[in-house]
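Labels run A, B and C following the written order; every chain starts at residue 1.
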Amino acid sequence: MRCITFTTDFGTRDWFVGTMKGVVLCLAPRARIVDFTHEIAPGDIRAGAFALAAGYSFFPRHTIHVAVVDPGVGTKRRAIAVQTGDYLFVGPDNGLLSWALAREKIKAIHALENRSYFLPRVSCTFHGRDIFAPVAAHLSNGVPLRKLGPGCRDLVRLPWPKPTRSSKGIRGEVVYVDRFGNAITNISSEVLSSLKGRPAVFMGRKRMCAVAPTYQTVGCGRLVAVIGSSGFLEIAVNGASAAERLGLRLGTKIGVE
Amino acid sequence: MRCITFTTDFGTRDWFVGTMKGVVLCLAPRARIVDFTHEIAPGDIRAGAFALAAGYSFFPRHTIHVAVVDPGVGTKRRAIAVQTGDYLFVGPDNGLLSWALAREKIKAIHALENRSYFLPRVSCTFHGRDIFAPVAAHLSNGVPLRKLGPGCRDLVRLPWPKPTRSSKGIRGEVVYVDRFGNAITNISSEVLSSLKGRPAVFMGRKRMCAVAPTYQTVGCGRLVAVIGSSGFLEIAVNGASAAERLGLRLGTKIGVE
Amino acid sequence: MRCITFTTDFGTRDWFVGTMKGVVLCLAPRARIVDFTHEIAPGDIRAGAFALAAGYSFFPRHTIHVAVVDPGVGTKRRAIAVQTGDYLFVGPDNGLLSWALAREKIKAIHALENRSYFLPRVSCTFHGRDIFAPVAAHLSNGVPLRKLGPGCRDLVRLPWPKPTRSSKGIRGEVVYVDRFGNAITNISSEVLSSLKGRPAVFMGRKRMCAVAPTYQTVGCGRLVAVIGSSGFLEIAVNGASAAERLGLRLGTKIGVE
């Protein structure tokens, strides 16, 4: 009954995700498969990394987190499995796992090279089915990490855009836009709490809104900034999409003063 | 192996739903989690209420139905758990549960106030993860309702738009538009069967179509009204979207004569 | 713990899919339900048939594959269950199952006529809930196929558009467009390997791109054709949608020379 989660950009309209589950269930009939999300934008490694980092730690210990946002599939990019204190992570070594792993104590990293844990035929375009799903199933069956391939020293790490301090306040940027159009920034509650007084959010010179405890502090249709559920400041519109309203996207600069 | 269903407006592209499942599985590893739907339009309490009412009764006895369409999250709106003859319901007390509960015999309603059944840190924006998921998990483990908080007399009830009778026939309105563009009305098969003769659907003065037994009674691309699978009259186009064709939306008035 | 997969065009935004799962769990509480996909375009029997054929064989033996893309629901089209060497298939007899079954050895076909394996009330519009889900649950409980209804000699078969050979090369067509905008053709790797030299893809007189081993053989934003994970030649753009770029859709003719 070990959990295996999937975080992918495969969407759910084709047979890709269903097929990965079939592969797992052939090898590990009792595995508990959880769809973390399959709707990462195609090839958007940063969005996948952020989503995984935001949610992986809410799962039971020993969960195997499989993430496949893999624009380099079929090239020489490595595939890896990583053991941390509480979890296993499996995916391409392209930075996708790195923001979650930055919060974990890494115990071992192994390259996935032992083909006896893959499907017999490995395609050039669908390693989710042919490599990552069967490897996760074997891990859930107790296969030790070291059997999968040689140990590695480190993994590819996505740079995390750190917010900067100035005399005026903090400068940060949008790192994720969620389904509601809330624009999540890289400014954590810890960083924010270092500011004195009642902080407000700026775009360029323009004051946008105050930082408030909940979306409903403001009237319907009004802008507000709150510390969201992932621990970062997010810009929201009560009942509508802030990203649409303000044209916010990944990398949009914002300030807090 | 108790069932826990989720009905939310969280969508499936972010980490929200996956995280709720992780929380449940930490507390109740053997719970059977079923995605009822996560695609309720953001904040659309009526659509969530209708969907839940249309499907909840097809689940096994003792299923715990968790519904989270919660535009008031973080405000003083209550959160409740409701015991009926066959099921448990958990969600915000904003009317979301009320159309399903109107069909059930309510045995007890309790406010969710005992923080020992929540996650240790409760955010202001994501009670699905921090309150509703862990409460459902504890309920599936057998925690009695009364431990969750004080009993309540009643819950917030959404008004149900009742169809009206006139000398000419019945006047009703659209209460839900489904994925196929079928416009479901508030006119039940019971109400409809009180009409004599061969009924037809009108918008204003204009006769739109006859009431027929199946979509295929009419040719491809033609309008038809049928008693749909939820027991209400629905307006459909064979092979296309009636809502798009006729501009039908929630609240659009229709008549049957 | 027998697997039941669902392949439908019901989408996930309404209560349709959740309700089907509830019906299964009432009858077969230990069944392992897997969403193969619910995002087949409404009524697109060919897309459903292709998706099912592309993935069904990755599931454990004895899996019950339920497919419901059923524009003829409520008419006299038959409903069937089919036993093959390794699997059971359940669905409307409209060709949906036929491309998967063309790869299987069929042992028995039975019409679904015995109402004691249906829900007590069968609607005219939702046989997924009222017929196919309960039949699948009963099959997973071990009910033998012959109890469901009379045996049938054959099923409705969708024509498969075979590629044609000419002196110049092979002419085929697009049979599926996936979420990434990759256009999958009817030209299998076997057919392609019969060509000598380095094949290239043509639309009309115009050479579009070479056939390459992976998407990344070409630079970002460039066209390429590869043998995809389902074993057919597909036309892709590295990092973007080939279908959008070239206006490819079901039935678009292409050549390989």
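Just so we're on the same page, contacts are C-beta pairs under 8 Å (C-beta built on N, C-alpha and C of every residue); 3 or more make two chains touch, one makes a residue touch a chain.
Because the structure is predicted, anything quoted here is derived from the model rather than measured.
A.B. asks: By that same contact rule, can you tell me which chains touch subunit A and subunit B alike?
C.D. replies: Common contact partners of subunit A and subunit B, which must touch each of the two, are C.
A.B. asks: For the homomeric pair subunit B and subunit C, should the interface be classed as same or different, according to whether the shared residue numbers exceed half of all numbers used?
C.D. replies: Looking at both copies, the contact residues mostly diverge.
A.B. asks: Could you work out how far the Cα centre of subunit B sits from that of subunit C, in whole Å?
C.D. replies: It comes to 31 Å between the two C-alpha centres.
A.B. asks: Touching at least two other chains at once: which residues of subunit B meet that condition?
C.D. replies: Residues 12.
A.B. asks: Which residues of subunit A touch subunit B once you look at their complex with the stated criterion?
C.D. replies: 1, 3, 5, 7, 12, 32, 34-40, 51-52, 54-55, 58-60, 63, 178-180, 213-216, 226-230, 239
A.B. asks: Any idea which subunit C residues touch subunit B in the complex?
C.D. replies: The touching residues are 10-19, 21-23, 25-26, 29-30, 42-43, 71-75, 123-126, 129-130.
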